[in-house]
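I've put the structures underneath this note.
In the two assemblies presented below, chain A is common to both, partnered first by chain B and then by chain C.
Here is the complex of A and B:
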């Protein structure tokens, strides 16, 4: 797929989600929490006004999907950005300063990556208690290594190039070289990783809400909807399928955006 | 003439392999001194030792580099950084990789002015335009907004020269600044360096393997082989009456465009073998 199409499709879908999340009360046809026990497990189109059907408590699936995007996007943006900042800082320090910085940070990364991430996140949330903050904290604590690993390698490579040496010969200090010379060259990779990480954060949030460790159950989440739908899959497939498809499309959009950005930002391809 | 840089008995090793053997040389104020030798002669190592940017694998075993009364090798890193760019500057070897690919020329050229000379953004920009003018870059306004990959090799080297002269340093070290350029551009760049050096009364330490280049711009030259100084003196003198057989062989190895029928004469094997014995003794 051409890179521009990837950026437009991926970015477009995410923009649509952002609009849904911000304007949920205006867009959603119904209250996502309002139960109507007379209208349970209505198929899509069976009852006027319920476009994607209702769940086992008679709540509107479409409205719940729209409201659930709030949690998903909050986690995606906040957790991925924080993980990115933490990982990039540590990666730059390890890659450019080297020595003890590198030894300590690299061993930390090795140790971190020996843990199964999903189990670790469930464990962390179990210890921290459920809720949005815990989910975000768990993702940051686990996924900073994704950034640190790549940024470290990239910074190490950039630091060996002659422009870094030329900057040293100009009398620039290590901090100035790190942030003025190296960071701009590492930034494209970081942006791509950030976009991919947002997709991962959406998945992790869905997993945690699937097992009931995310936000409280009165806030709609895609993972929570999938968990509910799982129990009535043979009576009402739509309760499971629509959040699953939305989740799938969201992660796909973040990945396509990341891939498109990578091709677009790669200086070698641009030249 | 007073000495600006005095290198005394400098010996450097990489692990146990000697890189520099007891090198002593003096560069006087305002002159252009060439370091000449083939690959591995230690000329770049001397340049990097003066700048304090030796790769970690190379260690200085003994000797001193006196600059303005202080031994550069004993200077703490912070004091060394104070000197770099302001008192001693570098014109790097490869213009293609020595500019940061992700930053605009203007930003890179004003770094030194803003960080070291503490100029305001507007002043630094004005000075950068002036510098680009001095190195004969047409349309400097445009060039400031460009990225390195949008400029030709010759233009990039001019930008690096402008950067080296930007803080008006006493000494400029040029590490084979024309090697990566083609011959016609080479000549212009050499003339430019020579002219700026005279205008600013800068002392120049010029690293090269090209005797033709030396003849064009250097007052004195030092011939190195295997990390050892073989011969030192005024350029015109040495080029006319080389004292050392190796210098003689190097001169003979230079292609002559006025005698194209002569085949190239490499430095004789026996001489190299003899030199190697002499050096390791």
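Here is the complex of A and C:
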């Protein structure tokens, strides 16, 4: 059992979010889309039943917050996992197979990283149009290099160790060594990166929905709520504050979980 | 740097730029969703649509479109913006100074703030204050600019309304400027009230962009300075009786500056990328804000112009950083 508090706090918060997202209809006090134009921009506690107030269309902020965790977590898990799979595969191939594979993949990573992420995401969203699929595609296309770079270096190092040589001497095939010997030893690093990447994905999704390039505006998102709160900030600060704080805590949770895992899984740092 | 190094750097920059151009052109041409269909009035006839298509050159074969486009781009002609119905180059040149001034201010703030953090933290090494500063820096490092910006809006714009949170200057002040470089021209012509107003509008977005960079600079500079502080020549300086502040500034900082500066250059491109979202948060009229509108409106000519503009800026920054690192580090000067 890890004794690091960061793992428990970070992981606990994320678990709480997952429960919120899955059980949103049970937890949320109101329908996140239901408008009540008689009760617009009510401050928290001003009207019974609306714990975190209402927005400019009289929708319940707390319920929208809860429902919005669905989009955030979907993007976090799907985009980060896909980026992880793509990056890890290419990184393993480059690091373990070496030679021609390594030359091509390393060159690709270099070129990719020379291209500023902002330009790439502007272009991608312009081409694919706005929507959840473009958000996910943008994250995968931009961030696979984070995994590929680290996994390549790690696999290269592992391949030089005695156990890999022993496996070769025993007559194991390259594919078997790659997946049964190298991969399990690279996995801890990948897990750490995955957690950090999920935090990045949550932010990217929030930014894109903030500027109106993510899901359509009738699906509640933290970024969309923040954008609305920015518009009416002088009348209703709570529409901005609650999603902003939630976003911050979520990113922090993924970060802390990642950092905690890094120390827990690395036997060198643990001592 | 020797002439051949400069030449090969310039060549590789040109190749990169060409690559960006081809990617931009190809990506934008495969766009699903016809920009023309968004422009036509309901009930337009087939010939009206074709006329419009021809006007934007969308009826030619793709390779011809590329050659025409390439020639035009070399002449600085990016065509007409579909959403703003104006020459793309004119629009960009009008907005670019705002972004350049903001990025420059943010970079300056990041350098000053990051160096300050590193100096104080190194000076106080081993005290509770140093641990506090380092932990605070760690938080700064983890918080993305998007969250900084909105927090500033909330705290300094609304809760304690000290600073304006949107626009570039007070629209009621007419400074009668000739250029869009508000800050530079205002300073040169000594319109100090106007400069103060422009600066007030720039502080929060510049802080937003500079905080993550300042945190990186602070951490790297501090780590390098800690390495330097145990070197023999520092010990010698101590024995010679130089004051610790003088050692810190004259010996440690000077020798730790090179790696920190090289890193700053790499990170500066991220800062420029950060203009896109920061300008949006503060309704700041620069090219980043423009880029988001262009994507929302699917304004292809404008997107192309903006992406190439950003590309040129990124390449220019990289070359400047290369040159500066080489100049500061004598071992690289002849490499």
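One rule holds in what follows: the second predicted complex is superposed on the first by the 262 of 271 C-alpha atoms of A that agree within 3 Å, B and C clash if a C-alpha of one lies under 4 Å from a C-alpha of the other, contacts with A are read in each partner's own complex, and residues count from 1 in each chain.
By our rule, a contact is a pair of C-beta atoms (placed from the backbone, for glycine too) under 8 Å apart; a residue touches a chain by one contact, two chains touch by 3 or more.
These figures come from a predicted structure and were not determined experimentally.
Once the two complexes are laid over each other on the shared chain, residue contacts for A:175 go to neither chain B nor chain C. Of the two partner chains placed around the shared chain by superposition, neither chain B nor chain C is touched by A:99.
Within the superposed three-chain model, A:237 lies in touch with chain C and out of touch with chain B [touch as defined at top]. In the overlay built on the shared chain, the residue A:2 is in contact with neither chain B nor chain C. Once chain A of one complex is fitted onto chain A of the other, the partner contacts of A:212 are limited to chain C, with no touch recorded for chain B. In the superposition on chain A, A:48 makes contact with neither chain B nor chain C.
By the touch criterion defined above, A:129 lies against chain C but remains apart from chain B after alignment on the C-alpha atoms of chain A.
More residues of chain A lie in contact with C than with the other chain of the pair chain B and chain C.
After overlaying the two complexes on the shared chain, residue contacts for A:162 are found with chain B alone; chain C is out of touch.
With the contact threshold set out at the top, not one residue of chain A is in contact with chain B in one structure and with chain C in the other. Contacts from chain A toward chain B in the complex involve residues 161-163, 165-173, 176, 180-181, 184-185, 187, 267, 271. By the touch criterion stated above, chain A contacts chain C in their complex at residues 114-119, 122-130, 203, 206-207, 210-213, 226, 230, 233-234, 237, 240-241, 244, 247-248, 251-252, 255.
Those residues of chain C that touch chain A in the shared complex are 16, 20, 23-24, 27-28, 30-33, 142-144, 146-147, 150-151, 153-154, 157-159, 165, 269-270, 272-274, 276-277, 280-281, 291-292, 294-296, 298, 300, 303, 306-307, 310-311, 314. Note for the complex: chain B touches chain A at residues 51, 53, 81-86, 89-90, 92-94, 97-103, 111-112, 115-116, 149, 160, 163.
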